[in-house]
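As written, the chains take the letters A, B, C and D, and residue 1 is the first residue of each chain.
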Amino acid sequence: MGLDQVLQTILFCLVLGSYYTLIASGFTLVFGISRIFNFAHGELYMFGGFFLYYLIGMWSVNYFVALIVCGLAVGVMGVVLERLFYRPVRTHINATFMVAVGLLLIMSNLALVLFGPLIKKVPSPFAGSIRVSPTVSLSWERVAVIVGCAIVMSALHLFINHTRQGVALRAVAQDPDTAALMGMSVDRFRALAFFAGSFLAGVAAAIVIPVFYVDPFVGGNVMLRAMVVVILGGLGSIPGAVAGGFALGFIDGLGLTFFGYPAYTLGWVIVIVLMLIRPMGLMGKELG
Amino acid sequence: MTPILRCEQITKHFGGLKVLEHIDLDVHAGEILALIGPNGAGKTTFFNVLTGYVRPTSGRVLFDGQDITGAPPDVIASLGMVRTFQAAIMFDKMTVGQSMLTAHHLGGRGSVWSALFNRPSYRQREAAIERASIELLEFMELGDMKDELVANLPHGRQRALGVAMAMATRPRLLLLDEPVTGMNPEELVVLMRQIHDLRDLKQQTIVIIEHHMAAVMEFSDRITVLNFGRKIAEGNPAEIGTNPDVIEAYLGAPVASAADDVPHA
Amino acid sequence: MTPMTRDRRARGHWRRQLGILALLVVLVAVPWVITDPYKISICTMILINVILACTLFPLLHAGMFTIAHAAFMAIGAYSSALLTLKAGLSFWLAFPIAGMVTAVVAALIGIPTLRTKGVFFLLITFGLNEVGRLVISSLNITGGAEGLGGIRRIDAIPVPGIGVIEFTSRAANYYFVLALAVLTIVVLVRLWRTAFGRAWQAIGQSEELAVSLGIPLARYKLSLFCLSCFFAGLTGSFFAHYYRFLSPADFTVWNSIYPLVYLQVGGLGSMLGPILGATILTGALEIFRAIEEYKPMTFGVLLVVVMLLAPDGLIGFPSRARVLWKGRRGMR
Amino acid sequence: MKGKRWTLSLVALLTLFLVVTSVAYAQTTEVLKVGVPNGYTGSGASSGLPTLKAYKIQADILKQHGGFTVGGKKYTLDLIQADDGYTAAGGRAAAEKLIFADKVRFFLGPLSSAAMMGMLPLVEENKIITMTNSITTEKFKTGCRYIFQVNPQGGLVLASQVMRIIQTNNVRKVAAFSPKDETGRQNWEQMKTGIKQVWEKEGADRVKIVHEEFGERGQSDYTPILAKLLATKPDFIILGAFAGEAPLIVKQSRELGYKGAFANPMSPDPKELAQVAGAQNVYEYYSWGIVWNDLPKIDIPAKHAGIYRKLTDKFGKEPLVEFYQRYKAAYNEDPPGAIVYMLDNLPLLVLALEQANSFDADKVVKTMESWDVWPSYYGTGVWSGDKTTYGIKHVATKSSPTFKQQGTKLISTGFVMPELVP
């Protein structure tokens, strides 16, 4: 393949990577603090998409305002899930898993009933595209995904490392028991984690959905990809989510380009092998 | 006579950390050997090396003159060296009775078919196992508790059950890792007495890690002292009690009173 | 069963035996009582799910939380279908072979993967199920994503004394799967109460302690995994010759998760749990098929409600209810 | 604790469901129950739910025009839905529920090939007349008595439009991208015959097939595949029945600099297409379907006037107009473009029942087979397919509206009549 196509490939690998990173970071954050696989994360993302659709498509709110509102709204949804459904069964690992499954079913079905089956398009504020080379171009909305990912991730980094709440979160993630001993209310931080994670899902939706579209079924695929990313990067590790996100971005991108659709297996195969030889993932730490 | 267990130059490093350094140790049939030393002396690691939970960096473990270095734990157990755990690791969802039956795993199970169709051979074996279990429980004074859920047992009784389960494997060498930690004095005396009886009545060879000096002094035939991964002394209780290095190791405190210190996690 | 374990079961032991007997009588009578073919095929579907849930029961107790059961069922289904279609084998030959093929594959997969524990094993099996589905849908011999059609129904078989049994009727298929269910459950329950069952339970509760007592982890985990998958394979074979059309869409991760849901909702306390769970939830799903759009939601609500009220499953509920009644917040 | 109060409300929700159920089961007299097995949950819903809506509208219209008569009794239709989950097992379960629990003898649908295959044995054993839209020759190879495939594109129509596009746009290189399921492959095969016709007419080197790709439905980023496909520099991309994904495919290939034409048999709602793909990207996009805001004048040849009246008597003077207005009134949205494919299922069944004057499956089948031409919402149709192609003459070939989309604007490119097909 020609140079321009190599460039093209690399470009959408980057876009894909950013996309995966965005959806996986929230998922892994929640897991890191609460040790819960919130399978409803994909559905939260989907709801975020619909919120964006109604905010912009219906009430034509300014995009950036809508983006924040999406994040907050979905964040609140996340807190509600934690408080009402996950917390009561916290001590039962299996039950938690089941509740996650149940919530996934309920939310996706709810969306189908509320929003209807047809796909909804959210107009992107970033029109047109830039020429990277005479033959290769990249639409601004895709550029926005890369840039958005960078911004969100650095913001998250600042939050985790340079705010009291963030540092505390990390402490809880590393060792809930000690944190509890030190008189931190682990419950409060689980709620916070769910808020932050879901907030990320909402923001991710607001950034990504305009490039594609939203319908009640987008959650599933998002979830599947997010899981691969999180395993690749290491469960509960934010830097891992970034690494894993871009890793999978390139695995999928290149795989699809060269082998077509069977390549979707590739990510899983790699993940399985990885877990057999290095269970903590690329950057993760062993679970307590 | 040849020792039942011989350790040659056992060394274990975790990264830079030298946990065990060139430990030589012999255990002779029918004796109770106490392994003592301050926290972090490497006693439990030593057990882990012996029973195959941890691979030694160097050195050999000979059991009955057979080199078992680095063999998997279940194999070592089947050869007859069985250990108990410092933390109370138990089959919490089982009853005491079930735990005992389970502990008799090495007693043999026969074929899947004989079990599946509950053949006479299998039934006899089960009956035998059960008799043995009850006998052991009686011995450890747990007989009346066999239908209790293990989780509901008081701590002391759980430790006793731990010993009973280890005994169920009919070990040639029993390794006890701080069996009496966290027990009140009465329980402690009872259990130590029972352990002693195991040796006297069942000719059970025992290596015991223990902090409780008084108990050690009273019940063990021989004592080996570890400090910072090194063997600093060995001998009968009297010798050890007066050994300056040992006293030094215990911060100059009179040995006999260095008792009841909190079990290290 | 030795006295030591019987003591605890003695209470209501005979009642239990009678209950089981009654249940069997009812199950056998079903096709005579219920003439509506639709209801019979629901019962068939329920039994399929019962088997799957029951084969997961020992796995979960031994600490193997697998989400690849549908994949193994698929292996059984496709191998049986292809053996009859391509190799022209009789179903009665293909059926056991399918089971064994599944068990062998389970062994090959289990040897490397069973070293992992807990969440990692869960995720690996999750991935395996995805891979399996994608492989099936990209192979040609399996008919790819379009699916594999034209599968024969279970071949007629002459039975001395009874005569030739045809499997054209729903009742016949129902009896077949009923027999399979009984076989599966009896084998699993029997083994569960033997020394082998004790070893598996021990591994589930503390691998460290189990191994210290001389129980070889790897061998025991693998054998149980293979046994469970063997039955999943047999079920798959029946599935293939009952529906007579296979497509990857029938073996998604969801098809692996649902049996787990049945098991969890029913409860892990005893083998009654998975049976109860599968029956109620499959039944419920069928009833709620009436309000099509809300079916998944209904299922989800059922699931969440049960988990919130009885995290240990329905059969654990009475005791739990007592706890709640006393005002102690078991949930917290 | 809050958790418990919440669960209580959930229980309430459940009971509500139960009520709904019982209501759903309530029946009136003199109605013929017709089963509508389709995907109502999961991604199948995106085509299943609109289809059901359309059938409901048609049933209402029929009711208004006095229903239909069998054995001197007036009948109206009661549509009973059943979710087939787009899978074989689901299809079988749905069929069993409809046949044995709801005692239904007639099906409209399904759309999913897998579901059709799943319910196939049942349908045949129980003589359930099934007016399906799933495209699959496989089941007809097994020679099914009771299944009629009412899709307009009995291959021929697709082929002829493809042929026309190649000729008018002077296409040289064709690339194909289809869903990796039977529907996708079928569509592509059928459209391929159009290319073959061009070869027969103008020689094999006139136009080349430079790339064939099969992909998953429901993905969001098709860029990798498209980049690979566009590397072969095609000037005509044939999409084998992508529905919701089509707009993205158009958008993403335009972003990659593709300027040529598209053809897609299962087109999404034009507005949707323009929205998602971006109006500026939608040009030279050909599809099969109706232009709702510019409904064609149906002119029926005199010889078929009588036949066509059978339809207008029951479904309105101008059936399309009537349907469109009712649909829009009922759901205040345009029906999806593809819905027009489904419009003939219900009328054909009704007409056959009335003419056979019986609910006996074999009689009804005979009646339907006896028609050498039958009325369609936009003209007339015939049963095509023979021993060699389908094994049985149960596959519709009928005039089909085609259009070309330019931005949001739809330009009707007229009907493709079976007569046009060589």
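Throughout what follows, a residue touches a chain if its C-beta (ideal position, glycine included) is under 8 Å from a C-beta of that chain, and two chains touch if they have at least 3 such contacts.
Just so we're clear, the structure is a prediction, and the values are computed from it rather than from any experiment.
K.L.:
Average the CA atoms of each chain to get its centre, and name the chain whose centre is farthest from that of chain D.
P.N.:
Between chain D and the rest, the longest centre separation is with B.
K.L.:
Whole-Å distance, chain B centre to chain C centre, using C-alpha means?
P.N.:
41
K.L.:
Per the centroid of Cα atoms for each chain, what is the distance between chain C and chain D, given in Å?
P.N.:
For chain C versus chain D, the centre distance works out to 38 Å.
K.L.:
At what distance in angstrom does the C-alpha mean of chain D lie from that of chain B?
P.N.:
Those two chain centres are 75 Å apart.
K.L.:
Distance from the CA centroid of chain A to that of chain B, rounded to the nearest Å?
P.N.:
Roughly 50 Å, centre to centre.
K.L.:
Which residues belonging to chain C are in contact with no fewer than two other chains?
P.N.:
Residues 293-296, 301-302, 304, 308, 331-332 of chain C each touch two or more of the other chains.
K.L.:
What are the residue numbers in chain D that touch two or more other chains?
P.N.:
Those would be 1, 3, 6, 41-42, 45, 49, 180.
K.L.:
Any two chains that touch count here, so list every such pair.
P.N.:
A-C, A-D, B-C, C-D
K.L.:
Across the complex, what residues on chain C touch chain B?
P.N.:
2-5, 7-8, 187, 190-191, 194-196, 198-199, 201-202, 205-206, 208-217
K.L.:
Inside the complex, what are the residues of chain B that reach chain C?
P.N.:
Contacts found on chain B: 51, 53, 72-75, 77-78, 82-85, 89-95, 97-98, 100-106, 109, 112, 115-116, 118, 122, 126-127, 129-130, 133-134, 146-147, 165-166, 168-169.
K.L.:
Quick one: which bits of chain D touch chain A in the complex? Just the residue numbers, please.
P.N.:
Listed in rising order, the residues of chain D that touch chain A are 1-3, 6, 41-43, 45-46, 48-50, 180, 213-216, 218-221, 223-225, 227-228, 231, 244, 247-248, 255-257, 268-269, 272, 275-276, 336.
K.L.:
Report the residues of chain A in contact with chain C in the complex, numbered from low to high.
P.N.:
Touching chain C: residues 85, 88-89, 91-92, 94-95, 97-99, 101-106, 108-110, 112-113, 224, 227-228, 231, 235, 261-262, 264-265, 268-269, 271-272, 275-276, 279, 287 of chain A.
K.L.:
Which residues of chain D touch chain C in the complex?
P.N.:
By the definition above, chain D touches chain C via 1, 3-4, 6-7, 10-11, 13-14, 17, 20-21, 24-25, 40-42, 45, 49, 81-83, 85-89, 92-94, 96-97, 99-101, 113-114, 117-118, 120-121, 138, 142, 180-182, 185.
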